[in-house]
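Labels run A, B, C, D, E, F and G following the written order; every chain starts at residue 1.
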């Protein structure tokens, strides 16, 4: 859409929302939120940007085809589920660092799992909406 | 014995792979296989005549109770010798008959497979293995009938034959398994001990119906006989081997084999008598309308098979004796007749008896062979045929009931059989030789020696019946548990009624042969009644069945999605309603329900109205917008009941869906075509019923209190064990993390789907 | 509340089905979405709804102590919602592609694969 | 005291929203409806959020509420602008009492470009 | 050794992700996919042998003991089906490499294919009913994408019906899970088995069972719920039809077998319903197949017809009958996949699926015809080919049921009709001289394929044919396996003990 | 009169009534823009409702939902405008 | 250029701290790093922009805005509750002095946020802002109000 207002707003919203999405991702384990909703918000940030600036600009911003984000995310989740196998624990077992670190809190494999979900959902939503808007 | 069968199978397999190289020159050597097997079985003649029974058991499928049990007793031996002996002659004959044929290797392959399967049928002591071989005979017959597969009629005949024998096969399957279950064993020998149990079981009638169905279709009994004339499309060696000498007798074999197990009750005897009787008379009458050599032979074969079934049905010792002997008699003369028909066909390229005459002038030896076969066929002394016919008359006369009727029928049949035999074996050779046949020369020895051997056997055994009496006939009777005290097969019994009937048969036969030349008028008369024939009736039935199939299939699969949904739904609503009404006490426990507050009520009302609005509105966009409100209301409900994660996700997803909808909608047309009002009312009724049932079910289930020990565990240990305070999220990423991982896979796949649906354009059509 | 919620669930199922029986592809998908929502609410209802606190452990606690909303149905619904989103996205695009290719969104005109040929 | 502040903020907020709702129902055309609703609802929700911030009085809550309010103030007018603009495109009619329309004829039907010339005295 | 349970899942997920990374490089994908399926096959064999030796294995994902987390259960049924899936996967993977067009391959065919196999493996292994739902969804979304891949008109028209009815089935399934959770508060199937047995209101149990029956019945293409199948299965390329025809409907059968042996056992009313439906499925499928001219459509109806046998077997619910179901599954998965690949090959050779326009196969390709014949006649169940053996169980067990006569009649009817249909097809397609048909433009005929592609198409067909022969002639081994499987199913206590560790 | 009572039984109902009024406008339309605005308004109002619920039930976490709701509500407005504009362009 | 990124970065870091509600040193650092990464990802030749230097002007502006807001709301309330019959709505083109994206956006948003007015669009050459108002007594006065009110104050801050 050719409007300065939206363009400007979206340019400011983009980093803000990305930040927000990571916030939502990190707090998911203790409060409402998590990888799914976080990824969705990140995607919405880019989608807003795309609505305002046109798809091509946003694609340039993302640098890779959103389709490639999906296997990346899946790989992250998958690996984080596989890691416990190394220490002879079953698939998907939560592995935790012994001490919590500041800001993020307990670091564990489930966090990476959620991160994978985040990335996947980001890729999925972008792929779907971009494809549809391109064809629309 | 397994070796014998495997030899045939291996022979067929070898041909599949190497046949191409062998078929040119060495086809004659293929005959060594049946010959070898014939010699193999011959060595058992003596032991079995001495009362031995050769058995072999190879463990195969113990967990099914199915083993490769083989028994070689008199009956099996007789059939085995027939199969391999005639097989040898046919293999020999075919090497010349189909010389240079493009697919000769396949032909021998099928033939070899058939021979193996047929041996399996007669040797098996296990009823399921018997069925197995039985089916293979049908299949190889299918391939052989359709051998000239560029000919549409051949293909059709093959399918008809397979349909009927396959139908019989299916009945046999039912028969063997039910019988096996009732008897508690699949072994036929062991079933003899369970005879009482079987005959008195509730399943006796179904069992024999299935058995009869199997036997009658295979042995071409009325009204299933019509596949056999059609099967004459097969090359003549096939007709000789399968459709006269061996396969068609499998039904008779089966009935004889099971007589000791199942025979006895009236239902058994009278059915066989009736079907056999009708078949023999009906087919015999048909002979007079036929002008094609093979058609005549086909009907006379059917008739002869009828005679065998008839005799089996009579079931007296005499009758069984007659049947056993007649099987041999028939095999010998009918095979001869077929083989010389083949020679005639080969040389003159016609089988129309009206066009054939005087061939003795160019092929005298063949004419003599034909005459001998016709004589045996007509029961003229001193041929083997005479012996056989005498036994039939004797058996018929001794019948306890209706003996005159039965004898009359036998005589009548034999007269017409006599006629048919002379039409084939004599007529083409007498009279004047048409000019166009003058160049005909004698065929190669491979073609005439086999029929010559068979014809000679008919005479030799006729004169010296003792050749087979103790070696084959008595063991056969023993195998069938028929104890003929003093059996003396002989030509001359003195002047008695039987002899009189024989002479009468021959006289009238000759009379008809000379007086009743084939005429178009008679053929036309039969054609007129063709629509009433079993063939026409059954084919018509098939036609209507197909029509019904169309109706049935198109009724359900009519292309309209709404009908599919409706059908499933009706089915569901019917059963669900039935169960709900019959089992559920509709008592509500209102006290246990939580109170409703104004915001909740308002949210629910907005939800309800927006759902209705989405349903009713004619604007697609408005409907989609209403969906957005539905999503919003639902997420508020989730929130009211303390499910923030849910509220969040529900809202995001519904909005996203709405957005996708909106992005996609804009090129679509308006709702142009509406369902008609009657359908709409119907839909409202069914949808409401379904919704009501679900609501009732929900209330009913809600009242059942469950014990959520798992959720209690989560509540207590989410933090201590999984280090997360948002229990819902802990479930998602830890307790039930697999669900979530796979859910993200689902999303990925959906995204790929969206991408490919919109972006993929095929460059190459398929 | 449960009574009305059950009625709402029934309504969602009924209207979902009704929409699926219409001729327009768009309505069909709307119907499926309504059905999906109905099923989710049903899980929610049958999982035992409570007006307790959310299933979130308080900062100073080690476990849920107050009356809490059963987290399992919530997790199930979350998964189900997300999955149906995937299906819905696909379905919506399916409409579009079908419209591009078949030039109609009328289901009555999409019979070719069932017809005898 | 705190309760009074909370009650006051919430009351004003609700009043704003109620006003918006009534206006939304009563106003005669789409533009007028937009005019009365956008800010009233934003303001209303903002005030209610503020009251919640006061109620909880925790740092975390307050900072989040401020973020939400900022966010609302950033997005709601943009949304209003978008929908107003598009309403004009799709030809949503102005109320019969409208006294002037300086936008008339300035949109390029094809490209949706908006021109400033004509009639503009600088 | 319990880790082996998860290997089929991990393997497929790994290769799905790898091929997804390479989704524009179709040649790499082909090679990787074939290798992946080969590994999957090895895993499946090791898995089966392990379960055979050690009995039912369980695996608690996330180290949460049942019924707390999601437990995977490797019993013989699962191991058998995983082996079959891996065999079909291997065959179809290779067949796709040869037959699938470039466009489809570069739009995610292989990733989706692996996701589909992943879903199947997961569904067979899971011991959790909601997790089963998730696997089901993964399978159906993958199948939706596969069936629409290419986006041709007929594909889409079929897909819409396929989509709608399958999603409807999922909703019913989800409804059933809701009810089940409401009744018991549990999702673990072993736990459910115990808890459902304790429910006092048997009516509610019946209703829940009914919902499962409908939900899975739609997916298994049981009468009167099969309509999506004939509408859609013939529309995608043959490789896709092969995996669908071979595995997808059988998944529905698997789910029915699992739930109706483990959770809803001994419900007389439902068993009767199942028996009646089985008979009608046989009948309807046979009638539908009888009137088809398009060979793939005919095989689609035959799928329905043959599902009927398994449904009857399930309804009979004796150890022998369930063994029959398992045997039939083994046979049907291999043969149906092969039959669709064969149809695809015929299509590649002749450019049409219409029996009217086909012909001359036998004269031109005798050896190939013979190989095809083996599969066709196995389908019929000509002894000793594979389709025959399980019928022994179905018929003899039917005798023990009230109204068994009707069942036997239905079974025999189905057998006969299949025989007739195949024989007629044989005459038309193989015997008949080929009618004059125009050479199609812009169609890649078999002869124009590269040699490698030709080999890739023929090898899987030959391979599956050999396996078919092995099933037929090695029926004893298969039956022993089936008996072990059915013993584990009928004596569900083994399963429950293994899962709940009692 | 406690704060809780005041919020629960006076303010919240008024808020709800406002939502109902907006919903009525949604039903009436007439233009699609009205409906879109109605949805947006309802979304904004639900932010208020959630804030109330979080006060009444002492659950500050509920406030986080409002953020997401605001965010996504904005996206839907943008999408609707995008759609309407495009549709108009293509007609 | 560099300074603009730096400022953006600091702004985002603060945002992060506000969002997390955790003002420890570690959180500041983390927020900084995170914002750095995000900006790094998204920055593609964006024009340099100015940042507010004058805190007092901002505060004055906020107060002014609130005053406007309340006033306009009261006016709107009057029309909503009493009657809309004597409204004089219309669309007016307001010539713009504001030039940059941020200025224009700020202005349009503020106009929209004020009850009774609504920005419809900005012309493509950025010269005119079209404003819908529910009650125009005098067109020129209306334009002047906007230019002297919001626009002037915004420009004060941004320039």
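Here is the rule we go by: contacts are C-beta pairs under 8 Å (C-beta built on N, C-alpha and C of every residue); 3 or more make two chains touch, one makes a residue touch a chain.
On a predicted model such as this, the values are computed, not experimentally measured, just so you know.
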item	value
Other chains in touch with both chain B and chain E	A, C
Identity of the chain that, by mean CA position, is farthest from chain A	B
Chain centroid nearest the full-protein CA centroid	E
Contact-richer chain pair (by C-beta pairs counted) among B-C and A-F	B-C
Computed distance of Cα centres, chain D from chain B, in Å	79
Chain E and chain G, separation of their C-alpha mean positions in angstrom	62
Mean-CA-position distance for chain G and chain C (Å)	40
Residues of chain G touching at least two other chains	15, 19-20, 22, 105, 108-109, 119, 121-122, 124
For chain C, residues contacting two or more additional chains	20, 28, 38, 42, 45-46, 48, 53-54, 56-57, 72, 78-79, 82-83, 86-87, 89-90, 92-94, 96-97, 107, 110-114, 116
Sequence positions of chain D contacting 2 or more other chains	22, 34, 42, 58, 60-61, 64, 67, 71, 74-76, 78, 81-82, 85, 112-113
Chain-chain contacts as defined at top	A-B, A-C, A-D, A-E, A-F, A-G, B-C, B-E, B-F, C-E, C-F, D-F, D-G
Chain F contact footprint on chain B (complex, rising order)	598-599, 602, 606, 609-610, 613, 619, 621-622, 625-626, 628-629, 632, 636, 639-640, 642, 644, 647-648, 651-652, 655-656, 658-659, 662-663, 665-667
Touching residues (chain side chain F, partner chain A) in the complex	61, 64-65, 67-68, 71-72, 74-75, 78-79, 81-83, 85-86
Parts of chain A lying in touch with chain D, wherever the complex brings them together	1-3, 5-6, 9, 12-13, 16
Of all residues in chain D, those that touch chain F in their complex	3, 6-7, 10-11, 13-14, 17-18, 20-22, 24-25, 30, 33-34, 37, 41-42, 44-45, 48-49, 51-52, 55-56, 58, 60-61, 64-65, 67-68, 71-72, 75-76, 78-79, 82-83, 85-87, 89-90, 92, 110, 112
Residue numbers on chain B that touch chain E, as the complex places them	16, 60-64, 66, 106, 128, 131-132, 135-136, 139, 142, 146, 149-150, 152, 155-156, 158-159, 162-163, 166-167, 169-171, 173-174, 177-178, 180-182, 203, 206, 546, 548-550, 552-553, 556-557, 559, 561, 564-565, 567-568, 571-572, 575-576, 579-580, 582-584, 694, 697, 700-702, 704, 706-711, 713-714, 734-739, 742-743, 745-746, 748-750, 752-753, 755-757, 759-766
